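Inspection log for the structure reproduced underneath, given as structure tokens.
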Amino acid sequence: MKGVMLARAPEATIIDLSHAIERQNIRQAALLIKSAYRFFPDKTIHLVVVDPGVGSNRKLILLQADGHLFLAPDNGVLGLLFGAEHFQAAYEVQCEQYYLAPVSSTFHGRDILAPVAAKLAAGFDPASVGPAITPQTLKKLEFAVVKIDSGQSTITGEITGVDHFGNLQTNITGSSLDNLFGKGKSTARVTVKGETISGIQGAYVYKDPGEMLAIVGSRGFLEIAVNQGDAATFLDARIGDLVTVVELPRM
Amino acid sequence: MKGVMLARAPEATIIDLSHAIERQNIRQAALLIKSAYRFFPDKTIHLVVVDPGVGSNRKLILLQADGHLFLAPDNGVLGLLFGAEHFQAAYEVQCEQYYLAPVSSTFHGRDILAPVAAKLAAGFDPASVGPAITPQTLKKLEFAVVKIDSGQSTITGEITGVDHFGNLQTNITGSSLDNLFGKGKSTARVTVKGETISGIQGAYVYKDPGEMLAIVGSRGFLEIAVNQGDAATFLDARIGDLVTVVELPRM
Amino acid sequence: MKGVMLARAPEATIIDLSHAIERQNIRQAALLIKSAYRFFPDKTIHLVVVDPGVGSNRKLILLQADGHLFLAPDNGVLGLLFGAEHFQAAYEVQCEQYYLAPVSSTFHGRDILAPVAAKLAAGFDPASVGPAITPQTLKKLEFAVVKIDSGQSTITGEITGVDHFGNLQTNITGSSLDNLFGKGKSTARVTVKGETISGIQGAYVYKDPGEMLAIVGSRGFLEIAVNQGDAATFLDARIGDLVTVVELPRM
């Protein structure tokens, strides 16, 4: 993909966002691109090629949102970026004249999205890649909906990823915790894989090395960690495992 | 290597082609560079430093082929690019005045090839790196020859690599399958590690998740995959394992 | 971090030095940056974000040494670069006006060091990041001191890292071996994990594939390797294991 892009847009700066997306893990990629894109320059073109349906009739799409461009298969991987808040436009990619020839049936990232990205980097009008489409027609992210029960002060979410450190990422936002438990979040109790953690820390170092803790990570989501350790191994936890946050019983 | 190159050719664009070549796996690297180079811009300088013989008297070579430049040890890693089809010239690297000083005995990629690549990127004439040599004097790739028996409609090859997805790459080309079994390839039967797969699919999605399939991958070679799974683990398969393709018995 | 830097210094060239530092391994990172920095262009800005104390009150520092700039937490990771030989200046990073807002408590690399690096890349005066500090006030590297007993001709060090090949890196310098055992180093005997290796080789190829050997690696330190094999697995060796070098008994 990089070769294809540089052959067509030699001045482009190409950055790898991650080498650690699990195979075919659309939800993990969706959360990563949502939390990372805003740190990149305006007008960055993000290629998000997690594409288990390559070779089927799933669409390829170009999304314009919040001043950035996103190219991806229409499989939900951009599903967290459709919201009315930042949405600008979406197009189905249908500009065969720019594709590699022949197009393989197994690697559309290289054969279709990379040359289209290069065209866009060189100034091609996004509206020219194909017909405009509405977010309503796009595939939603099949994602565990976070359930927030304010009456019971309970939030239920799930593990959405495991990072290089073995920290468990969840889809529970820090702001939902703030709303329910206050800024200090000291009355929150997190349960995952039968283990319970009291309170949500402001930094890893508030626990001793080897101790388990809950923290709102740098991407804005609740994470479960072991300070200087590996929570995924310690808990034998996997993507999809449930995480609940409840209010500590009062004395 | 990147530091050495940027210190001498600050305008160079440097791309990592792969982080997934197995240690010392000359054949895997040889197949990768053969299948990938043509997607890069003309005049790209490809450094292929899989070098188990570093510190011995094996040569370092510069190959000019198909408008690209390749720097590598003379150990067969460029062996699939010598063919008369695209060959332009080959040189033995002997321009000590550009090497780092001292040259280590364990990392010629950094100490010799990187500074020479930087000189080439800055416009140095390829013919100036050292004496011209003929392809006949270069080390051949020690590679399982694919055996094609048209009478029996049988092709025998081997697994040459395992990708990030656990897909098994082979050295059997898609065109050899086309020749023997026709474009549809529906009468081909693939055997690997005692398991048999009927037909060769056009895309992963023609099989259900978890099902094994044979497919011609995006690099043009036969691959064995498990749709959304890991064929290498499923079959306990390794590089070097035999793969045979025969004609399905007719009713 | 790359997005943050490119948004502020679009012309910067960004290189990943390593994807293989163990989690939180300050010593491994300290040895890598010490052995690698000099291959990069003068004035390179090195970001060294191994930061187990993120969120605590540990300082962030900018070190100027040997014509290069280093940004890192004050946890010893730059501890091998403080020496009088190349030291130029050190500053505590205190220029909140350039930080991302808000600053997270878990990722100061992205929120503080990346934007400061971008300022420096764009020409910002290093002395403007904060108050000058002396090396004496900085955290030393908690590192196994190499013990050299010239009377007994004995050097004791430890394993400091394991590379992609399974080679074991140590903190014993090649020059200390030269001093004690002479350039040939043929009278040195290396012991690690109960196994003994006679002599120190000039290149991997002086041993047969599968044989264990000691060698001074391309970074200038003693390494234990298995030619075309994996010494870490073979010896079940880990970072911190002791390595001793003694003189071979004379006949």
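The first chain written gets the first letter, and so on, giving A, B and C; residue counts start at 1 in each chain.
What we mean here is this: contacts are C-beta pairs under 8 Å (C-beta built on N, C-alpha and C of every residue); 3 or more make two chains touch, one makes a residue touch a chain.
Keep in mind that this is a model prediction, so the values were computed, not measured.
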Note to self: Using only Cα atoms, superpose subunit B on subunit C and state the rotation angle in degrees, rounded to the nearest 5.
What the structure shows: 120
Margin query: For subunit A versus subunit C, which are copies of one sequence, does the interface use mostly the same residue numbers on each side, meaning over half shared, or is it different?
Written below: different
Next item on the list: Compute the distance, rounded to whole Å, between the mean C-alpha positions of subunit A and subunit C.
Entry: 33
Check: What residues in subunit A touch two or more of the other chains?
Finding: 19
Next item on the list: Using the touch definition up top, name the residues of subunit B that touch subunit C in the complex.
Entry: 2-4, 6-7, 10, 14, 19, 23-24, 52-56, 104-107, 110-111
Note to self: Could you list, by residue number, the parts of subunit C that touch subunit B in their complex?
What the structure shows: 13, 15, 19, 36-37, 39-42, 44, 164-166, 202-206, 215, 217-218, 228, 230
